[in-house]
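Presented sequentially are two complexes of subunit A, the first with subunit B as partner and the second with subunit C.
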Partner chain A sequence: MLTARYIANDKLLPWLLSLTETRQVLAPVQVGGQTLFAPLDADSRLDLKGLADASAKAALLPRCETLFEFHYSKSEGVPSRTELELRETLPDQETFLFGARPCDAKGFTVFDRVYDAGTRRDIYYCSRRDKTLVAVLACTDPADTCFCNRVGGGPGETDGADILFTPVKGGFVVEAVTERGDAFLLEQPLVEAEDRTEEARKVREAVSDAMPDEAPLVGIQSKVLELFDDKGFWEGITSKCLSCGACSYLCPTCYCFNMTDEIKGDDGVRIRTWDNCMSFQFTLEGSGHNPRDGKAQRMRNRIGHKFSYYPELHDGNLACVGCGRCIVHCPVSMDVRAIVDQARDRALAKEEHVND
Partner chain B sequence: MTSTDATNLYLPDMATIQEVIQETSNIKTFRITLNNPDAMRRFRFEPGQVGQLSVFGVGESTFVINSSPTRMDYLQFSVMRVGEITEKLHKLRPGDQVGVRAPLGNCFPYEDMKGKDIVFVGGGIGMAPLRTLLLYMLDNREDYGKISLLYGARSPSDMAFSYELPEWLEREDMTTELTVDNGTPDWKHHVGLIPNVLKEMAPSAENAFAVTCGPPIMIKFTIEALHSLGFNDEQIVTTLEKRMKCGVGICGRCNIGTKYVCKDGPVFTYAQLRQLPNEL
Partner chain C sequence: MASSIDDLKSAIKEALPDLDMVIAWTAGPDPLSHTPLFITDEADIERIAWDPRCSQNLAGYLTGLRGKKVGVVAKGCDARSIVELLQEKLIDREDVTIFGLHCTGAVDARTTRKALGSSRGVEDVAIDGATARFTVAGEAKTLPLGETLQQKCFTCTGADAEVCDHFIGEHGLPPQVGERPASTLEELEAMSMEERLHFWEDQMTRCIRCYACRSACPLCVCQDHCAAQSREPHWVDQTDHPREKLMFQAIHALHTAGRCTECGECERACPMGLPIMTLKQALNRSIQDLFDYRAGTDPDQAPPLFEFREEEKNIKEREW
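Let's turn to the complex of A and B:
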């Protein structure tokens, strides 16, 4: 059996701070009116009330990271020649990610299938993944924009996580999920959970049962694809979209990136940054041709990727974990659930029409 | 310093430009060798694969390796100047350093093409990917049937690889036709659009493959012409261009539905293209 411990509410912050002596601790803290995952220190204001505004994905795929550095210099032998030196910069920071929600952790599994795919390993991502312990905090008060239960998750699930924290009376039950989560917990000065794991299980179950019972969105990949050429559908649903990209930047499963160089004098870096398929430039080609030159085409790709292409390539797993951030933060209130529900209804209606 | 750390997908190998050829007013060819002699000796690729060339400080862009795997003295890339990186590449001279991540992507089905007649139809810079396959086949001539090439450009001065064209025109074991949209008084070849010249040439579709690359509009009408000559979708091979970054199927930039041009392509048969969602 994997280790289970208990920590009282007033011991949590001191314990997390003690961890910062040996590693970075990322946790949801208040930053200028928002709740974001940031390195914890003595001045941090931990906020465990609900879902953080931005996802925890930056813990594994930073908004901006250096892939390598380069340096130009004059050749000693031949002054007209320039020498160039490259230096790899691999991440080596041990991290404890605390307070990610089950949807955040499940988002990492969406990344894993792409960034750690056998022979094609992204070593920047993989080394962060290896060095990061993911501790999820079970949800007790899902928002009405949450729909993890419709996309293969749940408020107490542990996919992608190493440790599970469940709020119970007076504190948290802390349970290991993976071997390395177990090894970590065994070393921690936390008290035995005794029989409180049962209480934790009941808490999780109650929350899960209370979530609205709507049709799952799993298994609908063919329905979305059927609508590929239905221009009217995509134009209709995107008429108010601003192409601002907030939805993809905040999404725990959006993983597209750009690579660019920055140079000052003889020294430079190649960096990668989050990119966003909702932007016009994303697919603009040299000839001026743009395969996705309208916001309807771009939304079709975003929805298609999450609910059709990705599941097609990855055993039916969706690339949406139902966190609802794109719904909460969209400036024009687009609702991904409504889009996918409409897509399914439309496709079903078409099928019936054909069968009539 | 050259890094040979094969596990870092994004770290380019360092390479030196050996030769620069001005092909046309906006196309230059670069012949490069990897700085690490062992890496250069071990380097393998197949006709149709691409590489990412880096100008450190500006960035990386995708180009076809248009030399042939049968001629490994250098790797050749032909670059049309269209933007920031290609502009910087055009300023480089022999001895300058570039980065290269290669080979990437799939290749032409040159094994399946054995024993068949091959019709090459190239437009503008689209001749680059055809060149690698053409040289490969000429170096393995006995494996293939009739080889014909139709190459078109806007004007005679827009023809890349002009120094090779006389040899291709003279060779007895291949047929070469050239065409331009706008001729000049001393132009001795066709004047006219590629698909029209192709119909005049009327290559037989029997036991044949057609390989075509060029601007999207040219490809569209070339495929129509090939259909009218009896070529079916499995016999037509082309390469796709999509904006790329990682080149290895991760960054999410180059997908068409479930296919990634950087790893499932750039080479597709027209039959495969027709299976994809219509987003070319």
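Let's turn to the complex of A and C:
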């Protein structure tokens, strides 16, 4: 049996601040009118009301990450030669990520399958993942745009997390879900949860039951793929898209990156920064040719990756966790759910037509 | 507004047979945001929505559709973008049919969502006088305009689409805002230069470099060839430094100087809520002082930076 504890509302912030003495605590705080995951300190305004505006992905996959630093110098012996010095920069910050939502944490499992895949381990990602304890906060107030339940998740799920916080009367029930989470909780000065775990379970169930009951968006990879060459379909659904990429940057599962060397004088850094498939440069080849040179092809890639190619490679798991951020923050209010629904219906209609 | 929407629908129905498409708005996935609707089929006309949630400036699509016969629905500020595009010869007047409307103000979905607590259950939005009225799950709620409208509406220079082919509804004034929040520009003007730099560095730490501000700007026509992402020349580097990000905003502001109509799309599109239109407003004020020019007002005028005069009226170079 894993550890279950209780923390009262007024004890939460002091407890989180006490954790900052030994590690970084990332939590949803108000920054300039937005709710973003940022390092917690005594001045932070914690905001646990709903889903944060940006996802927690930067905790494991920073917007800009230095892979190594380098320095050029003239060779002492042979002046015509240039020496290159490299410095490794592995992340080593212990982190407690608090207040991620179940969809945020499930997003990390999407990364795990790519960046921590047997012999192909990305050391930067993996060392961050190893040093980060993920505490999710069960949702009690899903938004209109939330659809975790349609993509294999739920407002009280714990995939990708180590600890689960559930709001109950007067505070939170804090339950370990992994061994790591358990070891951490055992060391914390929190009171026993006692029969409150039952109350917490009921809270989660009630929220989950109240989610609108719409068709699941899993298991349709072949349907989406069938539309690959259906130019009319992709052009139709993307006519209003601006191809800006805000959707991908806010998405807790988009993990594509760009790599560049940024050099000033003799010193430079090789960095990797977020990239996204809605941008023209994403597949721009050195020759100048771009196989995805229009917004329709780019959207096909985004939807195809999330609902077809990724699940095809990863046992049916989608690369969408249903957080709805791409919907809320899209400047022209594109709705990923509607696109996938339409894709499935279109493919089904085509099949029927063939069988007629 | 209830009657204007019917008039709008009939006007579009009449014009559609001669057009390749008409761009309007329809109900969006979030109850506080409507979304663009591309109408090619008469049946879609029924889905048109028209109320203060119609935020998007549909003029931005026109340059990409050049060569087609396109109808577009426009509020006062949207129509100014169309005028600017005409002035710059980026679209052709004879190909564009403008359905002009009188606008009572456009809600800022982000701030309104926060002011209402959530957008769940919002069914109806209307603005009358200095108040925004909402029906939320059958219940009436009101908010002062200062807590609801987009920044641009507080400085709106005309809520009617002045240049149009069909004007629908009645002409009227911009929103009558009782208490308007201090604009970022006013706040900045009260600061020292150093404080201003700190302000922007602080804001820019939040920028995620998505460039939605650029993609949403109807006047950003370079788009896929943007200086921000160019490696050669290397105007901005890819690091997360706020100054690099501010450098891009400076480029955007300079590229839109004297062209920007303050349609607010850059700021509305920014998922991080950065007050970036302020930079353009500041430049526009200078353009107005120097050239007596306001972008997007007169289709027959040329933007000042598109013209060369040996001596500008307000720049007395030879007298120095």
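Assorted remarks:
Keep in mind that, in the parts below, the second predicted complex is superposed on the first by the 356 of 356 C-alpha atoms of A that agree within 3 Å, B and C clash if a C-alpha of one lies under 4 Å from a C-alpha of the other, contacts with A are read in each partner's own complex, and residues count from 1 in each chain.
Definition applied: a residue touches a chain if its C-beta (ideal position, glycine included) is under 8 Å from a C-beta of that chain, and two chains touch if they have at least 3 such contacts.
Predicted model, so just to flag it, every value in this text is computed and none were measured.
In the superposed pair of complexes, A:313 makes contact with subunit B only, with no contact to subunit C.
In the superposition on chain A, no contact is made by A:9 with either subunit B or subunit C. Using the contact criterion defined above for the overlaid structures, shared-chain residue A:258 touches subunit B and also reaches subunit C.
Contacts of A:329 after superposition on the shared chain: subunit C is touched, whereas subunit B is not. By the touch criterion defined above, A:242 reaches subunit C but does not reach subunit B.
After overlaying the two complexes on the shared chain, residue contacts for A:277 are found with subunit B alone; subunit C is out of touch.
When the two complexes are overlaid on their common chain A, residue A:225 makes contact with subunit B while staying clear of subunit C. Looking at the shared chain after the overlay, A:83 reaches subunit B, while subunit C stays out of its contact range. 258, 260 are the residues of subunit A that lie in the contact sets of both subunit B and subunit C, per the superposition on chain A.
Residue ranges on subunit C touching subunit A, taken from their complex, read 28-31, 33-38, 56, 60-61, 110-111, 114, 118-120, 202-203, 206, 208-212, 214-216, 223-224, 229, 231, 237-240, 265, 268-269, 271-274. By the touch criterion stated above, subunit A contacts subunit B in their complex at residues 67-68, 70, 72, 78, 80-86, 88, 114-115, 120-124, 225, 228-229, 255-261, 263, 268, 270, 272, 275, 277, 282-287, 289, 291-292, 297, 301, 304-305, 308-309, 312-313. Here subunit A touches subunit C in the complex through residues 31-34, 36, 50, 53-54, 62-64, 141, 143-145, 239-240, 242-246, 248-250, 258, 260, 262, 269, 271, 273-274, 276, 279-281, 327-329, 331-335, 337-338, going by the rule given at the top. Contacts from subunit B toward subunit A in the complex involve residues 1, 3, 5, 7-12, 14, 54, 56-60, 80, 82-83, 86, 95-97, 99, 215-216, 241-243, 245-246, 248-253, 255-258, 277-280.
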